[in-house]
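Each of the next two complexes has chain A plus one more chain, namely chain B in the first and chain C in the second.
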Partner chain A sequence: MSGNQVRSMQEINIGDNIGPQPLFLAKDRVRAYCNAAGLAGVPRFTDDEGARKEGLPGMITPGNMSAALIGKLVTDWARPYNGRLVRIGTTYRSPVLPEHNLSLQGFVTQVDHGERTAELDIWIENEDGDRLVTATATVRFP
Partner chain B sequence: MTLDYDPAIIGKVFEETDPVAVSAQEIKDFCAAIGETNPWYTDEEAARKGPYGEIVAPPMFVLTFRNGRHFFQNIPRFGKGGFDAGRDVEFVNPVHAGDRITLVSHVKEIYEKTGRSGAMYFVTIRSTVKNQKNEVVAHIDHRFMGRL
Partner chain C sequence: MATILDLHSHSEASEDSRAPVEAYLNWIRLRRQERPIDGIVLTEHRQWNAGADYRALEDKFGIMILKATEAETDYGHMLVFGVNDEIVHRFDFANIRIPAQELIDTVARMGGVVVPCHPGRPTVGLCEHYASKPPLENVVAVELLNGGSRRGEDERAAALVAKYGYRATGGSDSHLVSLIGVCATRFDADIKDIDDLVRELKSGRYEAVDFRAPRKPVPRAVPEQTA
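Showing the complex of A and B:
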């Protein structure tokens, strides 16, 4: 951002950690996402009772909300370098339940100075260390 | 058991949505819900000084277009219904407040695989997201899977 020194991608190394950041998704925050993302009133994402009728343990977080949170972790990490998120691939492995103590984290898996890109592995993990949503992302630097 | 489908559906556009206008307020609401505080996305003054010169949406906003009015109405149906397995997104141009966005979707690939839990099918739907200038904003691969 303006006024701040832009960092060089030369400072980035394979294995650099991204996060971990604690993540606690209150049910009302999940509902706010649903309202903002055209999912208002979808029972599995907004209502415990409705979700149970679909065989779920209670309301779950939309996969795209998890993806958006992962994307934000990447863009927050990339911003000091003026890096731009150019690709992301997410895999929804297990439902993300609201009101759990989750964490968002990842690390740098590859740095390509010729292409001016970095590859990242990012995931959302629960209290037991299970990776619920995993992602790979590519960031391009100026 | 194998999937019963007409191979001619692969690559054929099965849906093109009507354009949807994106408002600055929708971008703000999305940012609030994911905890995004970068003023490039929410504050006109800061956005003017930012890299895009006006309010744009965070990249992951593109995933909100296949919701509400934009579920795949004409998607070919397979098997007994499946799971949402994930997304692959290639970001080409940002979404600006005021853009009118269209999604054009086709079946990219269908395959079957037998793993430890039995036979599964995988379907990838590719949506090309375009703005009112016919510029590509993003390519989104929606991956679905289900049991055979």
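Showing the complex of A and C:
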């Protein structure tokens, strides 16, 4: 298959894997996101000491950043099919701590050929297998 | 004949789940070799989903679908099996501070059974409440294995079971399609309906079973450089 060839939605099946994609969020990367997102002055996202004063174990990853990483996993997966992310919903179960070995992964859970959509389960998991952020997403195909 | 049921799951009828029941059944059919469950119990949050009728789906997939409730009490979250009109009339499941002892005793008298779930979970689990309040009486069983547990939670549940001699159940607590059936309960008896389930939960002839894949080490990603 050439790099530009569009894959058919017919190739997608319930149970198909999405990822897993290893993810290591360096603190500087989280701070760079905060700078870009207007969160530079929020200690819980940028400074361990400031985060601990709020009762957190250290600086945490902004929820929007986690959602964006999940969204990117979905759009990367959908790109060969010319699929478009049309809905994403996230649940934040535990803080995502920088400087940990994380994993982004999921599955195709439903395929609707009539509506030309697929439903996905996606999550961010830590070294212990705890699902820190879970999400569902809908991708629509041409 | 043994029956394996996932005793704890949430469909899109719960506000924090988008999992359609049919998608659960498709997933069970797909993963039956690794999660050989015979049925699921939908335990929607803070409600009794009286109007839901899943008989057509049961027939289509050959998988049992029973209904229960996940109630919120002053001792954390509890699964209520065998909900009937009398119980619905007596308790407002939308109340997030239902008195647990009253729920356990009254539901038992009215023909059901209450099983505290994810007891090792902070805030909403029995263990944390037992640290500051007297233990509940007449607890038949607690959920030993919960598919949504984070590290240490099932271990705290195991310590609770050992200390108080409770019987142990398992359930996925699935809010995502792909997690249905990861934990379940294996009953010695044949279970065909909710009355059978309530009877067997009281009998004690069952065990929690874990179908979660062994946890693999997460490979380390190469940290990205930032300017």
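Please note the rule applied: the second predicted complex is superposed on the first by the 139 of 142 C-alpha atoms of A that agree within 3 Å, B and C clash if a C-alpha of one lies under 4 Å from a C-alpha of the other, contacts with A are read in each partner's own complex, and residues count from 1 in each chain.
We adopt the following convention: contacts are C-beta pairs under 8 Å (C-beta built on N, C-alpha and C of every residue); 3 or more make two chains touch, one makes a residue touch a chain.
This one's a predicted model, so the numbers in the text were calculated from it and none came from an experiment.
Peer 1: Would you sort A:K53 into first (chain B), second (chain C), both or neither based on which partner it touches?
Peer 2: It touches nothing on chain B or chain C.
Peer 1: Answer with first, second, both or neither: which of chain B and chain C does A:H113 touch in the superposed model?
Peer 2: Once the two structures are laid over each other on A, A:H113 reaches no partner at all.
Peer 1: What is the contact status of A:T91 with respect to chain B (first) and chain C (second): first, second, both, or neither?
Peer 2: Touch partners of A:T91: chain B and chain C.
Peer 1: Given the touch rule stated above, what does A:R29 touch, chain B (first), chain C (second), both, or neither?
Peer 2: In the superposed model, A:R29 contacts both chain B and chain C.
Peer 1: Kindly list the residues of chain A that each of chain B and chain C touches, one partner per complex.
Peer 2: After superposing on chain A, chain A residues 29, 32, 89, 91 contact both chain B and chain C.
Peer 1: For a test of understanding, state which residues of chain A touch chain C in their complex under the given definition.
Peer 2: 14-15, 21-24, 26, 28-29, 31-32, 89, 91, 93-94, 101-103, 106-107, 109-110, 119, 121, 123, 125-131, 134, 136
Peer 1: State the interface residues of chain C toward chain A in the complex, per the touch definition above.
Peer 2: 16, 18-20, 23, 26-27, 30-31, 148, 150-151, 175-179, 215, 217-224, 226-227
Peer 1: Over in the complex, which chain B residues touch chain A? Could you list them?
Peer 2: It is residues 26, 29-30, 32-36, 38, 49-50, 58-61, 63-64, 67-70, 83-91, 143 of chain B that touch chain A.
Peer 1: Within the complex, which stretch of chain A touches chain B?
Peer 2: Its residues touching chain B are 1-2, 29, 32-33, 35-40, 63-65, 67-69, 71-72, 75, 79, 84-92.
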